[in-house]
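Given below, in the form of structure tokens, are the structures.
Consider the two complexes below, in which subunit A is the common component and subunit B and subunit C are the respective partners.
And then the complex of A and B:
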């Protein structure tokens, strides 16, 4: 038990050191533009957690990031670089919007159907890339990147021409507004936080249990850690790739659906890609080393940095982009961390005298 | 149709293709030494930003280009150190480099120029357009090929330079050997780390030039996230061209042409989504034919090279 505890603490030390270093670099950047470091960080804290309103704001921004992060975490754990979260999210959001708009029935029925269609759309789009890799050995990293553009352009076309909202005066590429009965309910009156956050939390816990306690979860991890050993152990890579990509895309699609049904209430071209939810989700995964609960926590941290950056922008001379600088340095330090553990392992091997 | 496929379409194709081509060549060099550089987008963005900064400080276009190249080399050194020396995952380092570029350039834009979104100064000079003496007099071809910024010519020249370097020179073969099998290369006494560093720095130079062409070649300004995915397109062009300079050149031309056609269609208020989609679909189909190495080989290689 004790060793388990120290192991857990050891896993936490690295991210915390990375966060501190990134904040230090951020402080340097603030100092260079002539701002007050303490004041800026105080404003950042207030912008993210200063009042109940800001807390709910941060949580609602974190919602899609958590879901995307969970999806990529699952794929990364299996050893697949799924960089297609953006396209999967866009298609999920679009399908959710279309379902909620055009399927007849009571509100709750439309809502459930819209969420499911979002999951399915994202999942199929992602599994398509997995299938191409398993079947034709087309590099997953590239195909998922390519499919991003195709999905975003396709969705852009649909809302700019056939599905365009012509009732409003604004000439925006967007669908009609979804009927209020099919919205995800808000958790608090007058706050932006919606029920999607609970879905995201449940997803994190479920994924954690799945990875830790099920056979398929173990096979997934094994494939990611050592593909040769997994093949030796009889894991069918193609099949597992298909299913893990399906689930991974499903999470991303759900993220899009939740954002559309809980915040935007319509699909607006660029509304899911411009805030960088997908890439933030991938960052959260990298930050947490693909641990599901850690990913949710890291997503919260990144969302807090982003909403905190907005607070900094409102109340100080320091620009909003300070948040992106801190985020990027954070990821750089974390990627260095991966190699740090590698160096340690090599040192240990050298000490034990084995040559490998 | 004749009106559609006129001189300016091809002329603008050449201009559009240059940043993509330069970055894609850099990506090709990197992937030839076994480092898949996802950070092209970020490096080009850095290049575009520092070219403007250099121009602002020195007031000279050429010094600005040199400044951009130098700065991007510094950032590609981060990529090299983390991925070669510390053995961090190249893809993760590349992704984080993209984030860093986006954040740092937007931040510095506010910090240095005190503007948000875009910086533009009408007194700032862009890269001059140069006419090629003989070719410019040929009726149709002259209008297409002539009158570009020097970087455009340089980019197309570099295709052949790299083709020659990679497949006709000893150092080129050594570079290929490092990418094929680092262990075997090292056993021959090739300093594989040094060659990898060299390749990444070369990629930095090319991305710096690509950025300079972007911010000083067509327009003389910098806007936030100016690359808008061009680095990723370059990455795809690298893949489509099989990291072969001539192939990279051809695939970059395809992307540039589609870009130009899309802008033309926009002028005619036709939907551009499908023409813009075409290069990606073509790449997908091409990937079907040029199959990648199998993951088992990759895994074995990874195991070997960590010894």
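And then the complex of A and C:
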């Protein structure tokens, strides 16, 4: 138990060091643009956690990031690259909006169906890339990335023409507004935080339990760890790949659905891609080394950085982009960890290679 | 005295890898260093080669005290090391690999002609023929080893450390290497050889130092000792061979009929192979590695696509069946490469142990954690697997201990049929004894075992029948009684059955 604790603490040291270094570089950047470092960081903290309103705001922003991160983490754990979270999220959000708008029935029924349709849409989009890998040996890295453009432009077309909301005065590329009965309920009166956050937390815990305690989770991890070992032991790669890509895309689709049903109440072109939820989610996964609970935590951290950055922009002369600088350096330092552990492994291998 | 290492102690935190070790080497001497996995041989050599600093102790070369900070320092003092895994650039020529780091120049450029001339002179001087213009990747492993030794000689080494030099060589190449080592020793070079193969050590070494648990347990002249004494010093007790009874083969468990696995270049890797394994017998497949054994094992276990032919397991046709199904029908498999196929390095001991058992050790899709842990704990005790804990990552286990874990896992599958491919490769004598004993036990309990090994002694010790494979074909079958090392060697090398 004790060794587990130290192991866990050991796993935390690197990310914490990375965060501190990133804040240091951020301080340098703030200094260079002529801002006061302490004041800027104080504003950043206030913007993220300064009051109950800002805390809920941060949590609300974290919601889609957590879900996307979980999906990416699942795929990474199985040894597959899913960089298509953005497209999967957009299709999930779009399908959720269409379902909630056009399926008849009571509100809760529409809501549940819309969430499911979001998961299915994202899942299918991602599994499609998996299928192309299995069938035509097309590299997942490339297909998942490029499918983003198809999804985003296709959704843009739909809301600009056939599904365009013509009722309002604003000539925006967006669907009609979903009926209030099918909205995800807000957790607190007057705050932006909605029930999607609880879904995301439950997702993180479920994924953690799944990976750790189930046979399929075990097989998924082994497949990611050493595909040959998995094949040798009778793990069916094709099947697992299909299901893990399906689930991975499902999480991203759910992220889109939750955002549409809890915050936007319609699909608005660009509303899911402009804030960069999908890429933040992938970064959260990288930060946490694909650990489900760690991913949720990292997502929260990134969301806080972003909402904090907005606070900085509102109240100081320092531009919003300072948050991006910190975020980017953070990722750099985390990738330094990757290569660092890679080096260690090579060293270990060289040692075991000569042990006789 | 050329080299003396005195009172060498190396501690990693509380763990002592070397305790108060003394080691000497004379000019022209071949000195073997033997011991089980983790006995401290490698640590000692890493200290000598400047890769590790000793916690205490001194190194003297020709009486002068030395402090090596890096291998470069050691090389300057005339120490060279040939690693177990060759460190050559496969796409470079032999000459380029040999002169690397001290290339002859012409102005700013690399003088290829001079390099070739140097290598030719070196190769003549020491009687180790190589073609300097050939690409290294086109050379056999035996030649690559020669290149490694020439590289070390080119660096001006007087003391040459060879780490497991014969591990990957064919029997003929081993003979050539041993002859070359003796010739170099006669020319005044000194050798330190780390090896598991006691018979080879006895053939080539002048003196033998035995380590156990980081301490010297004996320094003996080769002519005054025998393999039994050395093993005793290594293990600390007498080794007992599992008594073997006459085989009582039952019905066929595995049948392979005209099995062919196509290769890339038109030539099949496995060519019309037919044989059977019955319950209660061990069938050994002898052959130089790379003659189709890996593909044959792959085809039987479902990992490699079959061109034509048939594989029957327990009477059922399993040709082209997925691995999981074949395993469910009764196959267990000790793979030939434990790191590539047999384990996941970043996964824990328990996670590595549960592969193949997961489908049984579950309830409603959930792993039965407690029963799995007690199962693996049981193996750790029975096979004396040295591991920090059940949650230690596999990469921190020594090769022999990981191998024992894999053997334990596969034996515990309790299947009627077992493939044991190189079950004791790179494993020390103590672990070998345990693994061999368990294989014989399984056979006595009516198991059918297909043993694939490039180690002739292992084949001869365990097999009830021996098949010899050469270039993808079974070229001969011998019963345990008629098999001798000479007859098998001849067949392995592609000769006619005597």
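One rule holds in what follows: the second predicted complex is superposed on the first by the 345 of 356 C-alpha atoms of A that agree within 3 Å, B and C clash if a C-alpha of one lies under 4 Å from a C-alpha of the other, contacts with A are read in each partner's own complex, and residues count from 1 in each chain.
Basically, contacts are C-beta pairs under 8 Å (C-beta built on N, C-alpha and C of every residue); 3 or more make two chains touch, one makes a residue touch a chain.
Fair warning: this is a prediction, and the values are worked out from it, not measured in the lab.
Undergrad: Applying the document's definition of touching, compare subunit B and subunit C: which contacts more of subunit A?
TA: The partner making contact with more of subunit A's residues is B.
Undergrad: Quick one: is A:46 in contact with subunit B, with subunit C, with both, or with neither? Answer first, second, both or neither.
TA: neither
Undergrad: Looking at the overlay, what does A:325 touch: subunit B (first), subunit C (second), both, or neither?
TA: It touches subunit B, and subunit C stays clear.
Undergrad: May I ask you to decide whether A:233 touches subunit B, subunit C, both, or neither, giving the answer as first, second, both or neither?
TA: second
Undergrad: With both complexes superposed on chain A, which partner does A:154 reach: first (subunit B), second (subunit C), both or neither?
TA: Only subunit B; A:154 stays clear of subunit C.
Undergrad: Quick check on the superposed pair: does A:216 touch subunit B, subunit C, both, or neither? Answer first, second, both or neither.
TA: second
Undergrad: Could you look at A:164 and tell me whether it touches subunit B, subunit C, both or neither (first, second, both, neither)?
TA: Neither subunit B nor subunit C is touched by A:164.
Undergrad: Report, in rising order, the residues of subunit A that make contact with subunit B in one complex and with subunit C in the other.
TA: Shared contact residues on subunit A (touching subunit B in one complex, subunit C in the other): 228, 231, 356.
Undergrad: Any idea which subunit A residues touch subunit C in the complex?
TA: Contacts found on subunit A: 3-4, 213-216, 218-219, 221-222, 225-226, 228-236, 345, 348-349, 351-356.
Undergrad: Under the stated contact criterion, what part of subunit C meets subunit A in this complex?
TA: For this pair, the touching residues of subunit C are 37-38, 41-42, 45-46, 83-85, 163-164, 194-196, 301, 303, 322-324, 326-328, 333, 335, 340-347, 351, 354-356, 358-359, 362, 365-367, 369, 389, 391, 395-396, 398-399, 426.
Undergrad: Contact residues on subunit A for subunit B in the complex?
TA: Counting only subunit A, the residues touching subunit B are 29, 32-33, 81, 83, 132, 136-139, 141-143, 145-147, 149-150, 153-154, 156-157, 160-161, 227-228, 231, 237, 279, 282-283, 286, 319, 321-329, 331-332, 334-336, 338-340, 342-343, 356.
Undergrad: Note which residues of subunit B are touching subunit A in the complex, please.
TA: Going through subunit B, the ones touching subunit A are 36, 38, 78, 82, 86-89, 91-93, 95-97, 99-104, 106-107, 109-111, 116, 229, 232, 235-236, 239, 271, 273-274, 276-277, 280-281, 283-284, 287-288, 291-292, 294-296, 299-300, 303, 307.
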